[in-house]
Amino acid sequence: MIIVKKLIKRFGLKTVLRGLDFRVERGEFVALLGPNGAGKTTFLRILASLSRPSLGRVSIAGYELPAQSAAVRRRLGVVSHMPLLYGDLTAEENLQFYGRMYNLPELPQRVNQVLEMVGLLARRRDLVRTFSRGMQQRLAIGRAVLPDPQVMLFDEPYTGLDQDASEMLDGVLRQVAAQGRTVVMTSHDLARAEGLASRFDILSRGLITASASQASLGAGNLLDFYKQALTL
Amino acid sequence: MSPQPRALVALNVVSVLLLGASYYASLVYAPLEAVMGAVQRVFYFHVATAWVGMLGFVMAAVAGIIYLWKKDLKWDAISVAAVEISLVFFFIAIVLGSIWARPIWGTWWTWEPRLTTAAILEMIYLAYLLLRQGIEDPEKRARFGAVYTLLGGISVPVTFVSIRLFRTIHPVVIGSGSAEAQGGFNMAPAMLQTMFFSIIAFSVIFVTIFWHRMRLASLANRVEQLKLKALD
Amino acid sequence: MSEKLTSARPAENYFGAVRAVAWKDLIAELRSRELLAAMLIFAMLVILVFNFALELDREARESVTAGVLWVTFAFAGTLGLNRSMAIEKDGGCLDGLLLAPVDRSAIYLGKVISNLVFMLIVEIIVLPIYYVLYNPKNFFNLGFFGVILLGSIGYVAVGTLLATMSIQSRTRDVLLPILLFPVVIPVLVSAVQASKGFLAGLPVGELMPWLNLLIVYDIIFIAAAFMFFDYVVEE
């Protein structure tokens, strides 16, 4: 589903990604972990087609980036730590807007479906400005799920969420994963990632330095694995 | 630190010599103009710097297009160098024009098309440099710079036409009727020679300064690289 | 999970996206009215300041009406352009727009339309107020309004592109007028002259050169902005 070969990203003279290799099969849920400045957000932006690779190959769902970015975008749902929502529009209007940008058929029904899925049906006519951070994040996921994407990218989705909101987010993420979508999530929160992902990759200084599946790690061993991988 | 290449050292010498020769030509060799007197001698440097400045601007725009096409930052460095030098050359041209205008038209400034367009061009140069200053990412800086030079480049001829149209409807009733021409005087052969010589001299000077500026850019680049390596 | 939902119909999508972007801006502004309020108050202040700065008798004032109005629109327009693009930048919404599987120029076009509407709304409100305050001659004529439309189109076409650049820079709001004004001078010159002509009751024939210049500028710069917009939003 996602194939990345020798990805290099430079900003002027600074090289952030140094020949990264990455591969995700259909339906996998990969947690991308790593310290600040490792390049997680840069990498996710490239996968999201928001940034161009300097060198290397990136392909999603069989389409090459950046050449076939429109095709990739149609199959992609992205949630970043910024909500990407318009505060002066209602929840409903936000979804309708994005629905129109994606040219989705049967939009009103789809919007209802999504609002229900993220538990915001009751607040559909409220301005997003009035939403708490947790609700905004849920709506942001709704926005991302709206075009029924095969691949979803989450960049630090738990940022700024309290305990309750985080638990709600857990639920939504589990739903999303259960629907068979391919998910890549970056996170600082190892505990949360452990409960959701089927595989953990460590991104450090521009390269994937370690990878382990949930099965092989066993419960509760993620922290040790992470610390070990960073000392390499 | 790499020393100046021999060709550049030679150019330095040649430039200084040509500059000196141009001074001599304008102040001594060229005959005294009957109507305007000594102040007319300013004309030679005025035309030379204006022409070369204009070529520099075209060069910046062309380098911008090539950058957008090839994405090689070298072309961006060329664009910047050309703009910086043209900025100064054009300023000199404007000041000299002003000095010339004072005794002839009785005023330091007149809103005639060429002068006004020149002033606007200077503003575009400055805006270009200000735009670049505010952007961190070198690639984005180069792209934005290129787009702005092109927009500016397209607008300048249109601006000139619009101001000329403005002036034909509101003619400048100052000094001689042909305020639009270069003060309108007949050029003796020696004057023509001096003018062309000045233009050539200043073209050589432009190339020399340009070369120095490009060296400066590449040295600054090297410093950045070394800095990054040290911090890594 | 159906493939059906993800099969877009690209050709139809373009104008749908343009409409969606423009509509979104208009609805959001209708709710908060921040942008319009700021632009209007600013415009009125500028006109007031002009009144005191240029203490003119009636006749002299007739001759500067066009200039005063256009300067007012230019400055208020800058406010609107800045605000409109800042909204996208602040919530990270620009990314949201760029994620849509539609040609980037659709975003540009949608933004131009909404920015143009805002500018026209301000103009429509300012003009009658100006009329009431100063009672200029020949005010409500079609040619005058046509010039205002043409001029606003050119201004907004270039302004939207430049605003997209300026909000991505550190100096932000300050930068837009610096980038915009030198490039938009042909519009200001032509618009002021043509407006002046219409207000003085001159026949259209005499003002054709200015109108032509405006139209040419509009066409050239809309085309250029279309070409360059991609370069200004990609990373």
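For reference, chains read A, B and C in written order, and residue numbers begin at 1 within each chain.
Note that contacts are C-beta pairs under 8 Å (C-beta built on N, C-alpha and C of every residue); 3 or more make two chains touch, one makes a residue touch a chain.
The structure presented is a predicted model; accordingly, all values stated were derived computationally and were not measured.
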Graph class of chain-chain contacts, one of line, ring, star, complete, other: complete
Most central chain, judged by mean C-alpha position against the global CA mean: C
Contact-richer chain pair [A-C vs A-B]: A-C
Farthest chain relative to chain C (centres taken as mean CA coordinates): A
For chain B paired with chain C, centre-to-centre distance based on mean C-alpha positions, whole Å: 32
Centre-of-Cα separation between chain C and chain A, whole angstrom: 37
Centroid spacing, where centroids are CA-atom means, of chain A and chain B in whole angstrom: 50
Shared-contact residues (touching 2 or more other chains) in chain C: 234-235
For chain B, residues that touch 2 or more chains besides their own: 137
Of all residues in chain C, those that touch chain A in their complex: 1-2, 4-6, 8-10, 12-13, 16-17, 19-21, 23-24, 27-29, 31-32, 87, 91-93, 95-103, 234-235
List of chain B residues in touch with chain C within their complex: 68, 120, 123-124, 126-127, 130-131, 133-137, 140, 143-144, 146-148, 150-152, 154-155, 158-159, 161-163, 165-166, 169
Chain B residues within the chain A interface of the complex: 73, 137-139, 221, 224-225, 228
Footprint of chain C on chain A - complex, ascending: 45, 48-52, 70-71, 73-76, 78, 80, 82-89, 93, 97-98, 100-105, 110, 127, 143, 147-150, 179-181
Footprint of chain B on chain C - complex, ascending: 158, 161-162, 165-166, 168-172, 175, 178-179, 181-186, 189-190, 193, 209-210, 213, 216-217, 220-221, 224, 228, 231-232, 234-235
